[in-house]
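These are the structures, in structure tokens.
One chain, subunit A, links the two complexes that follow: it is found with subunit B in the first and with subunit C in the second.
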Partner chain A sequence: MSTILLTGSDAAAYGAKLARIEVIAYYPITPAFPAMERISKFIDDGELNTRFVRVECDHSALAAALGASLAGSRTFTVTNSQGLLYMTEVVYHTAGLRQPVVMAVANRALSAPHSRFPEQGDAISQGASGWIQLFCENNQEVLDNMLQAFKIAETVRLPVMVNYEGYIQSHTLEEVEIPNQEKIDQFLPLNRVRTLDVENPQGVNTVASPEFYMDYKFNQNQAMEQAKTVIKSVATDYGKEFGRDWSGLIEAYQMEDAEHVFVAMGSMISDARIVVDELRKQGQKVGLIKVRAWRPFPAEALREALKKVQLITVCDKNIVHGLGGALGTELKAALYGQAVRINSYILGLGGRNVSTEEIKKVLELSEKTAKQTTASEWFGL
Partner chain B sequence: MAKNLPVVPTAKAGSLMETPTGITWRLQYPVISETCNMCLDCTLFCPDGAIDRKNRKLVLNLSLCKGCGICANECKENAIQMIPEYSGVRGVFG
Partner chain C sequence: MAQSIADLPKEDLFGQGNAGCGGCGAAVAGRQAMKALGSRTIMTIPASCMATLGGSNLKTTWQIPFYHTLFEIAPAVSSGIRAALEVQGIEDVNVVSWAGDAGTADIGFQSLSGAAERNEHMIHVCYDNEMYMNTGGQTGSQTPMYAITSNMTKGKQGKKKNMLTIMEAHGIDYVASASIAYPLDLIAKFKKAAAKLGFSYIHILAPCHRGWQVPPEKTIEFARLAVESGLFELFEVDEGKRTRTLEPTFIPVEEYLLPQGRFKGLTQEAIQGIQASLNKHYGRGE
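Let's look at the complex of A and B:
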């Protein structure tokens, strides 16, 4: 066990190394590429026994990863924004074929207009794909979530995205504790399931008539429901073993007597913790809910955690055009019938800065807003 | 209750060859009534060659028919009826 300075990309690469990935398929894209660079260095230095598949595009990257996974290997890839969109067809294939591929996504804004800056819109665009999606608040969580992702994926047989924001996390150094390899090997034994077998040839992704398709989808969604329990228990087990419990689907911070609660996911959370602590010192009853797993959506956990509060301020670094922020909209749906005012704001798109100052201002604005906001209230224009 | 299916959507290799167009796809199949006047229009319109003439009668090859219903649509005598494949909510494979 050692503590070193790592970027989010490096943390993802270290996570993949500790998980002893067997295949990585990758096509370069910014800001995801440093994770691939670090992994290729691990391979070159003889520290990691992994087959690196070079491909001509992101669609092929995930297709190669999917094939490797069907053959039974522990498989990883990393991408962001346009690359993720280009993969989309195979994103759905991987989920429908129930392969435990883990993908790190260094969230970046989507074109057009072209942007290379952080935002969560790319991951949000895959919200219906059937991938489990975890959002990390800091680089330590990137590494820890990578390891938990393989455990979750191989238990429920669904692919997992580990999301961290481009640049804010992918290119920023933080102290990260690297767990002991032997302890990781015990925590994460390879749960190999081979679908492709030369002794017993199978047609994969065969045509399913109306007689069967819906039943397959039902089973896939059941696995997503099962993941709600598994994500929680894996986080608890990991916490016991390595001393960091990232608290399952959501984390409640300073919530005991909270009246006004900030809800968000990703890098905003680490800033929001500072703001909440500050406001608490001034005597304000402010709390924080971190949505760690966006898929499966933790509706039950949110209802339970937010049943006594009076005001919720929910912030989205994404825009679902014609609807509003994804988390805000889904939170309102989840809390339907509960007596609480929910103000939702869209902020920080395409790299517009969200620091502790902005979070403070948005909380103040929300306090002053008498009527509940619409789904598409923009902050910081 | 959902059907008991493999976790990964797979099927035995070559299963599509066993049923060329596949009754697994078909939602309805044609039935030719006795009012047929043997004009043979349906044999010309059928895109899969599923209707043939044998001993002055029309014969259906259901392993080729995908249930499109073009034959019934084209029949001037209304002598072809499309009948649903399913026999209840669980269907023929229940």
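Let's look at the complex of A and C:
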């Protein structure tokens, strides 16, 4: 085990290397490309026995990764924003085919207008796709989630997205502890499942009539439900082995007697921890809920964790046009019937800064807002 | 090259119980190709008649692994399959993407060109029926000039895109045209392609009697007339060397075109234009 300075991109690449991925396919896009280049360098230097499929577009990147997975190899790809949207058809298809592909997403705002800056709208757009989605608060979690992602994916036979924000995480150096390879090999043994196999020929994705289609979808969704338990147990197992338990679907921080709770996901969480600690010192009963798994959505866990609080401030780095922030909207639905005021805010779109100052301000604003926001309010315009 | 049909393997790896129309040219092409490819083949087929006639629900006519892919990804998926086989040390498997003219020349062209440029160890097959038959027969880039389709009822104004030349320009290992009317030639070309370690492209003219508006029992006959008229040349480009594999008799083009319902609007002037163009350009004038 060693601790080194890594960007989020490098942390994703080290995670892929430790997972001993067998095939990678990618198409360069900003800001995800450094993760790709790092993996290519590992391959060129002989540190990784992985085949690189240098595809001509993002759509083909996931298609090639899918093909490799169907042929039984552990498979990885990386993208963000426009690349992810371009892939969308294959994103849904991969989930339907129950292939355990892992994809890192360096979250970036969507065009138009053109932006290359961070936001979570790209991942949010795939919320109905059938992929498990994990959001990481720092670069250590990027690496650890990569390894857990393969474990989860191969257990429930669903693909997993590992989300970290462009630049804020992808290009920022942090201390990251690299786990021991032998221990990772024990945690994540390679068990190939060949769907396309000349020794056992099968027809894959044959046309499903109304008598069949719905049952496939039911089973696929059951796997997503199963993932709620698996994500938790994998986090616990990983914690026991490597000393870092990132909790399961959500993490409760300073929640014992909390009255006002901040709820978010991704890089805002690490800042929010600082804010919560500070406000606690001032005697305010503030807590934090980190949503680590956005899909499957942890409705039950959130109901339980938030059943005694009086005020929730939920922040979204995304906008679902015509509705509001995705997390805010889903949280309100999950807590339906619980007596709590939920103020929902959109902030930080397209790279607009969200630091501890902004989080403090939004918490203050929320305290002063007597009536619950009906839709998401915009903060920081 | 097998000397006669009797020399071919008796086993059918594709075809029995398929859901194609009677007289389906695509199904004939699949059956013939599998005589050359054999059981150690993984087949990916994008949205097309061929994808749907190969199986539905819990049944499949394929005796090999068969994957019905999204419309535009078969060559990309096959690239990934090859990568996975390589890293697992599996070397004796043919990886084939098999698309219609849309999945090859139009919506599927990007991933095809990408896989060809990388010279992936695979075969891409275009079974060309010259229109989008799986959606009812609309015009595409492989539809020939003047052909009437369901969305161009006055006939296409514009030429058929020359996919064989485009694929040859990629500098790949092997390019060939083939016709279901010449099965031994077709099978020999698949054998050659399967022996290559890089990318092969085989373009099969596989008439659809519904789209072409000819009797179902004449599918093979029209495939033959296309070749004998010179409108569909049988040739190969093997590691850059171009060889014609059949010398046609050059029947007048109208004998091929006029009996087809899709060319019912063809004027004598148009026929003469097609004949003159053919006489000038056949086999690049070689």
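Please note the rule applied: the second predicted complex is superposed on the first by the 381 of 381 C-alpha atoms of A that agree within 3 Å, B and C clash if a C-alpha of one lies under 4 Å from a C-alpha of the other, contacts with A are read in each partner's own complex, and residues count from 1 in each chain.
Everything that follows uses one rule, which is that a residue touches a chain if its C-beta (ideal position, glycine included) is under 8 Å from a C-beta of that chain, and two chains touch if they have at least 3 such contacts.
For clarity, every value in this text was computed on a predicted model and none was experimentally measured.
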| item | value |
| --- | --- |
| First (subunit B), second (subunit C), both or neither touched by A:D215 | first |
| First (subunit B), second (subunit C), both or neither touched by A:V198 | second |
| First (subunit B), second (subunit C), both or neither touched by A:A301 | neither |
| Which of subunit B and subunit C A:R157 touches, first, second, both or neither | first |
| Partner chain(s) touched by A:V207 [first = subunit B, second = subunit C, both, neither] | both |
| Subunit B versus subunit C, judged by how many residues of subunit A each one touches | C |
| Partner chain in contact with A:V53 - subunit B first, subunit C second, else both or neither | second |
| Partner chain in contact with A:G96 - subunit B first, subunit C second, else both or neither | first |
| Residues of subunit A contacting subunit B in one complex and subunit C in the other | 70, 201-209, 211-212 |
| Subunit B to subunit A touching residues, read off their complex | 2-3, 5, 7-16, 22, 24-25, 27, 91-93 |
| Residues of subunit C that touch subunit A when the two form their complex | 39-42, 44, 51-52, 54-60, 62-70, 72-73, 76-81, 83-88, 93, 110-111, 113-114, 117-118 |
| Interfacial residue positions of subunit A with respect to subunit B in the complex | 70, 96-99, 157, 195, 201-212, 214-216, 218-219, 222 |
| Footprint of subunit C on subunit A - complex, ascending | 22-23, 25, 49-57, 59-61, 63-73, 75, 89-90, 93, 192, 196-198, 201-209, 211-212 |
